[in-house]
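Both complexes below contain subunit A, partnered by subunit B and then by subunit C.
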Partner chain A sequence: MIHNNLSSQRKHSLGFVVFLGLLLILIAQLDFSLSITLGLGLAIGFTLQKSRFCFVSAFRDPILTGMTELSRAVIILLALSIIGFALVEWWFRAQQIFFKPYVFPLGVHTLVGGSLFGIGMVIAGGCVTGVLMRIGEGFAMQMVAFIGLLLGAFTGKQTQYIWKNFFGEWNSVFLPDFLGWFPTLALELALLFFLWKMLKWWQVRQLNK
Partner chain B sequence: MKRPVNLIVNGPWPYWVGAIVLAFLNVLVFIVNKTPWGVTRNLEAWAEWLGLKLGLPVTNFYTLSDLLSAYGTYTNLGVIFGAFLATLAASQARFRPIRSKKFFYSALIGGFLMGYGARIASGCNVGGMLNGIASGSLTGWVFAIFILLGTWIGSKILLKYLI
Partner chain C sequence: MRYTIEIWGEMCPIPLIKTQKKLKNMQIGDVLVLETEHSCTSRGIVVWAQQNKYEIVETEIANGIWHLELTKTHD
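Right, the complex of A and B next:
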C-alpha cells in the first residue's frame, strides 16, 4: 500500500464531493429524475466498493474455494429485491403508472449468452458492474476489460438476430401470470431459502466453518 | 478510530450489509426510472454510438443527446464515480497497473465474451439475473443457471492458464 494513512487523501475527497455536488445540481437543471438517478448510481458504486460486493465471487468462490458468504449475500439481495419489486409493481398498478419490468423472451440465446457471460466474467476479473466499480478503484485490467465489453456488446447487438432467427425463441414467461402473485413469491422465496441453507452446508463441508 | 463514521467511510462493510443497502437502492432505481436498474443495455447504446461514428453498420442510430438523457448512462457513471469516491474517502485511491501481460489479454477476451453474452441474452448479472428474477421473469432464473455453468468452465480456464 502506498497510502497507508487513512486520511492522506481527505482534501482530494472533499474536492471530489464538491465536484459531484455541482454535477448533480447541473443535471438537475436539465432533468430532475436524471440527477436522482446519478445520485442512486453513486450510492450503488459506493456500496459495492465498501462491501466488496462482487457477483463473480458469489458464483465462483463456492466452486473454487468453498467460501459461500458472498453468495448468500447475493441471495439476500435477490430475496429483498423480489419483495421490493412486488410491492412497487403493486403500487404502480394501483396508481396506474406505466412501468416496464425486465421480462424477456427465453431462447437458445439466453443459454449461450449466460454461459459466455459466465466464462467472460471469470477471466476478466469482474462482471459488468464489477468492471465499472474497479475502473473507479483505478484497476487498469478492468479498463481493458471495458474496451472488450464495448466491442462485445456491439458485436452481440449486431448478431443477436442470427441466434433468434436460427433457433427461435419462446414467449417471455411472467411467472405471476402463470402461478399467481402469492404462489410465485412463496415459491421463489422458499427456493432462495433452500439455496441459502445448501450454500451454508456446502461451506461447512468444504471449509469446516 | 472505530467511530461509526470511520467505519462507514473506511469500510469494509459486511457482505450482508451491502446486500441490504443494494436491495434498497435497486428498488429506488425502479421507482424513479419506472424500469429496473440495468448496465449493459446502456453500454451497448454507447458502443453503437461509437460504431456509428467510426462508420460501422449499426442497428440503432443513437444521437449523443439520446445517450445523455438515458437513465443507464447516469447509473453507470454513478457506479464508477461512487466507487472512486469510496476509495478516495478511505485514502486508497491510486492507479493499479496490470500485473502481467496475460491479464491484459484475459481482460480483453473476457470483456468481449461478457459483452457479447450479455447482449444476446438481453442482460448482465444486474439487468438479466437480479432484476430479471426480481421482475418475475422465468428467463432470469434460467440465465442464472447458465451463468453458473459458464463460471464453472471459466474457473477451469482460470486455474489452467491464468493462476
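Right, the complex of A and C next:
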C-alpha cells in the first residue's frame, strides 16, 4: 500500500516559502543585487531538483547502461547556452559595452584534473550541483561527498600555480577570433547535432542487444 | 508475485543494475516494487523501463522519496 505523505509536508513547504520571502526582503534592504543573486540561485536549485537533472548520469549512463536521454539533454543545454551567449555578446557589442568572455588557457593539468573529477563524480554519485541538490533532498551520503568536494576544490585552487608551472600552458583559443561569429556558431551547432545523432544511434543499438 | 529489492541509500546506477538482474529471474506479470530517496535513480529506472517497454508507475510519496512499481510485461 502506498502512503502518500506529500500533503502532510505541504505546511512545511509553505512555511519555508514564507521564510525565504522574508529573507529576500531583508537582504534587499541591505543590497538589492544580493537578493537578486539569491533569488536566481534558489530558482536554479528548484529547477535542478524538479527536473532531476544529473550531469554524472549524462556521462556515465551511455557506457554503463546504454541510456543516452540525459546526455542528449546536456547537448540541448549546451546548444541553448551557445545561442544565448552569442546573443548576449552580440547585444553587448551593439551597445558598446566592454565584455570579456571566460576564455582560459589549456594545459595537461586541465585534462588530468578533468579526468580526476570525472572518476570522482561517478564514485560519489554526483557532480557539484547534483551533490548540493541531493543534500537538500536529504540524501545523507552526499554530505560526505560534499566534504571531499570542498577539500578537492580548495587544494586544487591553492596548488594551481604549481601545476601551471610544471606542465606549462597552451595559449587559449577563442574560435570567433579565427572564424568569425556566424561560422563558429554554425560549426558548434553542427557538431552538437552530430553528437546528438550519434547518441541516439548508440541508445537504439544498446537496447536491441 | 510481488518482489522488492533493498536500494535505500544506494546511488545510481547500482539500483538500475540490481533491477536488471532481478528482472531476469522474474516471471512475466510479476511486479517489482522499489523505493528510493535518490532522485536520479528513480528517473533513470523510469526512463530505462519506458525504453524497454516495461510497465512502470512512479509516485513521489514524500518530498524526495519515490515509489516505483515495475511490471515485467515481456521477456
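One rule holds in what follows: the second predicted complex is superposed on the first by the 199 of 209 C-alpha atoms of A that agree within 3 Å, B and C clash if a C-alpha of one lies under 4 Å from a C-alpha of the other, contacts with A are read in each partner's own complex, and residues count from 1 in each chain.
Note that in this section a contact is a pair of C-beta atoms (placed from the backbone, for glycine too) under 8 Å apart; a residue touches a chain by one contact, two chains touch by 3 or more.
For clarity, every value in this text was computed on a predicted model and none was experimentally measured.
By the touch criterion stated above, A:28 is placed in contact with neither subunit B nor subunit C.
In the superposition on chain A, contact is made by A:128 with subunit B only, not with subunit C.
In the superposed model, A:203 lies in contact with subunit C only, and not with subunit B.
Legend: residue contacts after superposition of the two complexes on their common chain; A:65 is shown touching subunit C, with no touch to subunit B. Touched residues of subunit A were counted for both subunit B and subunit C, and B has more of them. In the superposition on chain A, A:189 contacts neither subunit B nor subunit C. After overlaying the two complexes on the shared chain, residue contacts for A:52 are found with subunit B and with subunit C alike. Shared interface residues of subunit A, touching subunit B in one complex and subunit C in the other, are 2-3, 5-6, 9, 13, 49, 52, 56, 60, 64, 69, 125, 133-134, 137-141.
The touching residues of subunit B, when paired with subunit A in their complex, are 6, 8, 10-40, 43-44, 46-48, 50-51, 56-59, 69, 71, 74-99, 103-104, 106-140, 142-155, 157-159, 162. Of all residues in subunit A, only 1-3, 5-10, 12-13, 16-17, 20, 27, 31, 33-53, 55-56, 59-60, 63-64, 69-70, 72-74, 76-78, 80-82, 84-86, 88, 92, 97-106, 109-125, 127-129, 131-142, 144-160, 163, 172-176, 184, 188 touch subunit B in the complex they form.
Those residues of subunit C that touch subunit A in the complex are listed here as 9, 11-13, 16-17, 37-40, 42-44, 47-48, 51-52, 59-65, 67. Contact residues on subunit A toward subunit C in their complex (touch as defined above): 2-6, 9, 13, 49, 52, 54, 56-57, 60-61, 64-65, 67, 69, 125-126, 130, 133-134, 137-141, 203, 207.
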